[in-house]
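Scrolling down, you'll hit the structures one after another.
In what follows, subunit A forms one complex with subunit B and a second complex with subunit C.
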Partner chain A sequence: MPEVIQQNLPFLLAGLAMTARLAAIGIVGGTLLGLVLAIVRHARIPLLNPLAVAYIEIVRGTPLLVVLFICFFALPSFFGYRTNAVDAAALGFVLFIAAYLAEDFRSGLRSVRPGLTQAGLATGLTPVQVFFLIVLPQAVRRAIPPVFSQYVRLFKFTSVASVIGVRELTGSALLVNAREFQPVAIIATVALTYLVICSAMSLVGRWLYARLAIRS
Partner chain B sequence: MSAAPLIVLDHVCKQYGTNPVLRDCSLSVAAGEIVVVCGPSGSGKSTLIKCINGLEPYQSGSIRFEGQEVGARGTDLPRLRARIGMVFQSFELYPHMTAVQNVMLAQVHVLKRSRAEARERSLELLTRVGLRERAEAYPANLSGGQQQRVAIARALALDPVAMLFDEPTSALDPEMINEVLDVMVGLAQDGMTMVVVTHEMGFARRVASRVVFMDEGRIVEDRPSEQFFRAPETERARIFLSKIIAH
Partner chain C sequence: MSYQLDWTQIWQNRGLIIEGLGTTIALSAVALVLALVVGMLIGTIGASRSRTGRIAAGLYVECMRNVPLLVHMYVWYMALAFLRLPPFTCAVLGLTLYSSAYVAEVVRAGLGSVPRGQAQAAAASGLRPAQVLFLVVYPQALRIIAPSLASLSSQLIKDSSLASVIAVADLTYQAGAIEGQTFRTFEVYITIAVLYLALVFIVSRGLMSLPGMREAPAVGRIADA
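On to the complex of A and B.
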């Protein structure tokens, strides 16, 4: 390990911890919001459906950095609350990734054969029971590969939070570099760290998909 | 035979847009009767039986099951459906659940049986269809004939008073047809009320009380099976019968 990294290890590890925290919040919150949006779209729930469509289209057409600016500057000013860079970034990641996850879950929902719904209904299950017991579990399984690639994207996207002053891995590395000026060692270490963690996430996704796969 | 028929269809009409699929269909099925519905593809057979448990809506006429109007606004469809088992052409087992879980699901969530009770009943039924040892297998690891037998067990798990079969052997390889038909013959011998859409005329001859022949959305013939097989009344049914029995 390069000396400059060793000397600044606690600081960089704190940055990595912040990256992990932001990614975790984004994954959990984004998955929940994404599922809700996907269900609203899939079930074409009146009133909410057009809102979900608008939300997904707007977010997908907005750069991540702009979403973070909105969460850091615009929303607090508009709704009159105080925030900090970390909370604003966490909110931004949830809002951002949910729009993409919603589309992945929705295509999972659409891939479930309608015959299975009929079979469930024929046994006396209500439409809501059919959805949660039969359709959704299959849709989520089918969505694992695209969903995990969103998780991996999100993990890398957390670096953008450095722009609004969050000391996550990239932000911390930039601060270390400003003091030490050893860009090759510092940036290479950071890049390698992202690569290793992203590869591990992909592996987990593949393992989960193989474990839960629906062979048909 | 009980006085009031279990299933009564009275002048039922249904169309998709302007395309009629059922035209003025009337039919009644008494408890214990086995009615085989046959006819060329597109004649409305599947639609007809899917109307009986409310999977397909109909525009006019009336369908009553145990005296209750299926299409009425206030009808508790889940409750009505739980009393009618249904078996589909393409099995439709839940692929993320094992055979025994497939059979358990509605027992737990519709009949509110305990998991232990539901499991015990499921294993009993899987034994009855000859698949006790495959209870923990996923549908993808079962043959078509085995999947269809699990599907029959799943339908029986709710202790239905009638069973609907929608071409239960049409998606099967020839060597698997008999294992499914054997289970159905067993059910018939136990006195189950059955409405079976099928082209298996051997099965019809053996167990059907009546044969209904449909063409272009109409019930063209509805006669006791021995009469139907001796000599169909209509030219259309005669041609159909000669075609499917010829090969």
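On to the complex of A and C.
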């Protein structure tokens, strides 16, 4: 390990912890919001469905950096509330990744055969029970590969939070570089760290899919 | 809500916005073409029968796409600063290397979905290997992967906004500049969000409406007959 990394290790590890925290908030919040959006769209809930469509299309057409700027600068000044870079980034990640996850969950929902719903209804389950006990579990299992690739994408995208001043892995590395000026060693270490963690996340996704896959 | 919307200052700065939009389009176009070429090459190697080729292509894909795009850009802009590349070139290199990994995966999957018999029949009918690839295999794979390539293209346009961080004067960069002068934070970011949205919409619709993109794949039709 290069000396410059060793000397600044606690600072960089604190950055890595912030990266993990942002990614975790984004994954949990984004998954919940994404599931809600997917269910609204799948069930074609009146009034809410067009709103969900508009939300998903708008967010998917906007760069993450712009979403973060909107959460950090534009929304607080428009609605007149105070925020900090970490909260704004967390909000931005949840809002951003939910739009992508919603589409992945929705295609999972669509891939569940209608016969299963009919069979569930025929055995006397209520439509709500059929959805939550039969359709949703299968849809989620089918959606594992695209959903995990979104999680990996989100983990990489947490680096963008450095632009609005969050001291996550990239942000703290840039600060260390500003003091030590050893860009080759520092950027290489950061790149390698992301590479290892993202590869590990992909492997977990593949393992989960292999264990839980439903083959049709 | 005490915020007073005022769009006049955005309109006064339209020159900057248009300039930024031009840079975004130029950056995306150059990076997209390069990413498609590199991705096509790596993807073809990844789908080849050579074991070494497949492993090398797999390594390339994993290494390129598991590093954040922002870090890719810093590699060229900061770590390799002694090369003294202009920011625009750094952004093109970063975007190309990052996106080419995704293109390669799509191309590899597309080539894999063309039945082996197609290439064998083409070779048996006397076509040279290059002809087999360009006249028989690629056209069929392209139709299958067209939607994925269209969505990768819109991804790339959005990703190009990160070039603003390494001082490329693209749309996002100009938005920051206008915001700094006018303090019309909400208006300026909504404006550029709408412009990105429009750009992504036009490009993805445009690509999908190219002739041949929306036809059912020829393979499917032959198999059905």
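Here is the rule we go by: the second predicted complex is superposed on the first by the 214 of 216 C-alpha atoms of A that agree within 3 Å, B and C clash if a C-alpha of one lies under 4 Å from a C-alpha of the other, contacts with A are read in each partner's own complex, and residues count from 1 in each chain.
The rule we apply is simple: a residue touches a chain if its C-beta (ideal position, glycine included) is under 8 Å from a C-beta of that chain, and two chains touch if they have at least 3 such contacts.
Please read all numbers here as calculations on a predicted model, not as lab measurements.
Chemist: Quick check for you: in the superposed arrangement, does A:Leu116 touch first (subunit B), second (subunit C), both or neither?
Modeler: In the superposition, A:Leu116 contacts subunit B only.
Chemist: Between subunit B (first) and subunit C (second), which, if any, makes contact with A:Pro63: first, second, both or neither?
Modeler: A:Pro63: touches subunit C, not subunit B.
Chemist: In the superposed arrangement, which partner chain does A:Ala23 touch: subunit B (first), subunit C (second), both, or neither?
Modeler: Once the two structures are laid over each other on A, A:Ala23 reaches no partner at all.
Chemist: Of subunit B and subunit C, which one touches more of subunit A's residues?
Modeler: Result: the larger residue contact count on subunit A belongs to C.
Chemist: Please indicate which partner A:Ser159 is in contact with in the superposed arrangement: first for subunit B, second for subunit C, both, or neither.
Modeler: So A:Ser159 only meets subunit C here.
Chemist: Answer with first, second, both or neither: which of subunit B and subunit C does A:Thr170 touch in the superposed model?
Modeler: A:Thr170 sits against subunit C, while subunit B stays out of touch.
Chemist: With both complexes superposed on chain A, which partner does A:Leu195 reach: first (subunit B), second (subunit C), both or neither?
Modeler: second
Chemist: Across the two complexes, find the residues of subunit A that touch subunit B and also touch subunit C.
Modeler: After superposing on chain A, no subunit A residue contacts both subunit B and subunit C.
Chemist: Would you tell me which residues of subunit A are touching subunit B in their complex?
Modeler: Result: residues 113, 115-116, 118-126, 129, 133-134, 137-138, 141, 212, 214-216 of subunit A touch subunit B.
Chemist: Which stretch or stretches of subunit A touch subunit C in the complex?
Modeler: 58, 61-66, 69-70, 73-75, 77-80, 152, 156-160, 162-163, 170, 174, 177, 183-184, 186-188, 190-191, 194-195, 198-199, 202
Chemist: Tell me, which parts of subunit B touch subunit A in their complex?
Modeler: These residues of subunit B touch subunit A: 50, 53, 55, 77-79, 81-86, 88, 90, 92-96, 105-106, 109-110, 138-141, 151, 154-155, 157-158.
Chemist: Which subunit C residues qualify as touching subunit A in the complex?
Modeler: 1-3, 62-63, 66-71, 74-75, 78-81, 154, 158-162, 164-165, 172, 175-176, 179, 185-186, 189-190, 192-193, 196-197, 200-201
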